[in-house]
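The following pair of complexes shares a single chain, chain A, combined with chain B in the former and chain C in the latter.
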Partner chain A sequence: METLDFQFASAPVSRSAHTALCGVVGSGNLEILVQAGDQPATCQVSIKTSARGFGATWQAVLATFTTSHPAGGTRIAINDMGATPAVVSLRLAQALAEYRGGEQ
Partner chain B sequence: MSQALVARKSWFEATARARLGGLLDAGSLQEILPPGEAQPSPHLAALDLPGAFDDGVVIGRATLAGRPVLFAAQEGQFMGGAVGEIHGAKIVGLLRRAVQEKPAAVLFLIDSGGVRLHEANAGLIAISEIMRAVLDARAAGVPVLALVGGSCGAFGGMGIVAKLCSAILISEEGRLALSGPEVIETVAGVEEFDSKDRALVWRVTGGKHRYLMGDCAGLVDDDIAAFRLAASEFLAGWQEAEPSLGELRASQRRLEDRLAAYGALRDGLQVWAALGVAQPESVPMLDRDSLVALKEGLPT
Partner chain C sequence: MNAPHSRAWDSQRQSRARRLERAASLGLGKQIPAERIIDLLEAVIQPGDRVCLEGNNQKQADFLAESLADCDPARLNHLSMVQSVLALPSHVDLFERGLANRLDFSFSGPQGARLAKLVQEQRIEIGAIHTYLELFGRYFLDLTPNIALIAAQAADAEGNLYLGPNTEDTPAIVEATAFKGGIVIAQVNERLNKLPRVDVPADWVDFTVQAPRPNYIEPLFTRDPAQITEVQVLMAMMAIKGIYAEYGVKRLNHGIGFDTAAIELLLPTYAAELGLKGKICTHWALNPHPTLIPAIESGFVESVHCFGSEVGMDNYVAARSDVFFIGADGSMRSNRAFSQTAGLYACDMFIGSTLQMDLAGNSSTATLGRITGFGGAPNMGSDPHGRRHASPAWLKAGREAAGPNAIRGRKLVVQMVETFREHMAPVFVEELDAWQLQKVMGADLPPIMIYGDDVSHIVTEEGIANLLLCRTPEEREQAIRGVAGFTPVGMARDKAMVENLRDRGIIRRPEDLGIDPRLATRDLLAARSVKDLVRWSGGLYAPPSRFRNW
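== the complex of A and B ==
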């Protein structure tokens, strides 16, 4: 297992009282928990992944995501079981939409 | 019929949280120890494996058709729904709460291969604590209803737990047994049981077989709404009986008779023939309603 921690500057997302969870820690899948963070223009991401040595890939996927989506003011925790970058991006979008209060 | 198929939402394919969303009254679900508040498994972390925020089980309270219920739903996609220390402690805590709060029922959405082997003794102890807690809840008059229809079925210790519940509602896709097919094949050889033969696995452990044998109170379509309807109908007509030694002895006798009648048979097909099914080979293709009609027509 590898633990990775990142911080990205990102436009603030409308703050939400509740947390959002989506996905399952199953093969090729991951779960993402979005909670309110303490810095409004920063997205903090903490990852536990079963696949070692993909830090640069995670950084690239998350940097793209936090640039294209307003995700500032959140703390995102991820438990990963070998999800591909495409699955990670889709799940992030899903989790953030749920955090903002949208359906899925 | 075709409209029903279009609207159908598969229980088998859904996650634990999606099952709960469709099973319980909309907006009534209150999770206890939600992700972020509970601790993930320390044993998996010690083995350098990523855990899940809820350790593979969602517990809480809700209403079902207006009646207050407590629920526990196992997530089969996380480590095969296997029971670790925290996973087990959450279920035990919920069942103990049921003894105090006396809800109309505890709904137990089982989807598990049994003990989480990574957690060894902690997992085994967790299973035995769940067994005791299920019996304590029932002795306090709270029905515990098992719902089985997930990809992992109910195997190992969770197979025992399922049979300790007041009743089981199962889908054709659901499976219920003690040792899993691959365990039997590994221990006793492929001549004893071929775990790759999926049709055989379902003929021996699947929902239709369990229903025909009388192990499950109801056979349900693989549809979240069908589970909801079956669970609320079952609870409306169910009163938890006082535990009695006489009933235990009678049930022991039923099991002995069953072993004598079917113990030497090798396949569900042979068992169904012995039960009086005229065309046992047609059973796997029957839909739910036809199978229920078939069972009702069987000699008792």
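== the complex of A and C ==
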């Protein structure tokens, strides 16, 4: 088990839900919880993962996500069981879309 | 003027007569008892013969393959094997036991590792790895078999053969052998007084033997919907909206992976919601994929011609004669040569998957330590310069590639891959393993499955790259890097150039296509299990036991 924490600058998100939960903790999958954060232009991410040694990949996946999506003002908690970057990116997009409500 | 040098012009016929005489002298008639098959093979085959052993990735002449491998290498040796697929252990036994030493083939899936070992030990000489059509073509030019060992469903007393829905390669093999002085031996599952239909006439067949058990058939094209992932659903949504809909792709072939199975299962749901019924996916060169059942039942599909059949699909296919090619007897006739021809010349799109792709878009399923071959993928996955008829999809692709005054269209050749395979192995690489394999094999060329210059689009979870619109090799490389995700190749992209390609629509992300990621769930699949497929088929699909869990 490894714990990773990141912070990224990101455009502020307009939310319509209090929290959004997406995915399940299963092999090759992950669970993502999006909640309101305290800094409107920052996305804080904390990850618990079963796969050690992929810090640089997480950093790259999250940097791309927070650049291409407005995710400022959120705190994102992730429980991961070895999801590929493809699954992580899809789950992040799903969780954020849920958090923002109907708009894309 | 000197008289022309005299020679015999019927030496092949004379050789054939001597072989048949040797069999007759052993008391062997046209119907061979199973326990005397080795006597027959040792009587009619000669050292150095070219032997075609029928077997594709579906139907296998497995009894004849095992019997040939049990022949005495002191009597039969230096055989040159020509065969579509090296699939069974007995196929490799032939080389390990010293009966055969040369091989021309198309595909070697399960035996790829043993084959690579034999090549390294120089116990096998590989002529070439072909596509199916190429190999069939050579049967009629410079690789004509002396002996064909084939598989049929049934024979009658005269030796007429019924091939059943798994007609596959048999017509091509028999025609090449029977009309060039060769000998055709068929293993059959049963003997019948009256055949449902005659697929091969008796005077093209020299001997039949009833095998102790029915010939093996691999359910290669059965994909359990339960294993389709949400990333595959997302990629299928992108392919349907960004390629099928945009080009109006009506005539196509799908590869065998889960990626394309997801597309098949999204036709009655996502594609129907987009109003695409009747506008895409109407005519197919495709095996009877169980995952196509919901699309057929929903009225998406007008016609399917098959390379072979699929285990468990025979009753369903027979009950849908408007869609499939069914004989007057009520059962399907497949034909690999004709379906491959349709895939090459009559399809507007091929979409399939691969294990590795380089920065020029070349792709290969060969990895170190395994020689796998191509099967039919290069026929489907290539732009045929012999094509002359137009269609909207072909014209649009041609004009994207060469401008509004293009004098020819283009086939859409789409590679659909997740950027990482299992165990985080990247699909996108700087150099294909195929180059190292070429050295190991001592081959003239690296075993590349689809050449990069034939590829029109790449679909990954990150987006779609349209290579037709790239104007320089640099743009092409960055378009590939731009959908290569977080692989080292993807991370090394020129970000500014990739954004420029995105502005020009050469790279498109899911959000650029207006795809809501929340829809990318398994709920979008028309069937989520094999049991669902059985239900869609009205109980006509009978899946093999290994796909039943209820």
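Things worth noting here:
Note that in this section the second predicted complex is superposed on the first by the 99 of 104 C-alpha atoms of A that agree within 3 Å, B and C clash if a C-alpha of one lies under 4 Å from a C-alpha of the other, contacts with A are read in each partner's own complex, and residues count from 1 in each chain.
The rule is short, and it goes like this: a residue touches a chain if its C-beta (ideal position, glycine included) is under 8 Å from a C-beta of that chain, and two chains touch if they have at least 3 such contacts.
These numbers come from a predicted model, not from an experiment.
Once chain A is used to superpose the two complexes, chain B occupies space next to chain C without a clash. By the touch criterion defined above, A:33 lies against chain B but remains apart from chain C after alignment on the C-alpha atoms of chain A. In the superposition on chain A, A:12 makes contact with neither chain B nor chain C. Shared-chain residue A:70: touches no atom of chain B or chain C.
Contacts of A:21 after superposition on the shared chain: chain B is touched, whereas chain C is not. Taking the C-alpha centre of chain A as the apex, the lines running to the C-alpha centres of chain B and chain C meet at 70 degrees, rounded to a multiple of 10. Of the two partner chains, chain C is the only one that A:60 touches; chain B does not reach it. Closest C-alpha contact of chain B with chain C, superposed model: 6 Å.
In the superposition on chain A, no chain A position is in contact with chain B in one complex as well as with chain C in the other. Note for the complex: chain A touches chain B at residues 1, 19, 21, 24-26, 29, 31, 33, 35, 48-50, 77, 79-81. Remark: chain A residues 57, 60-61, 64, 68, 84-87, 89-90, 93-94, 97-98, 104 touch chain C in the complex. Chain C meets chain A in the complex at residues 229-231, 234, 418-420, 424, 460-462, 485-486, 491, 509-511, 514, 516-518, 520.
Across the complex, chain B meets chain A through its residues 15, 17, 34-36, 40, 45, 48-53, 75, 77-79.
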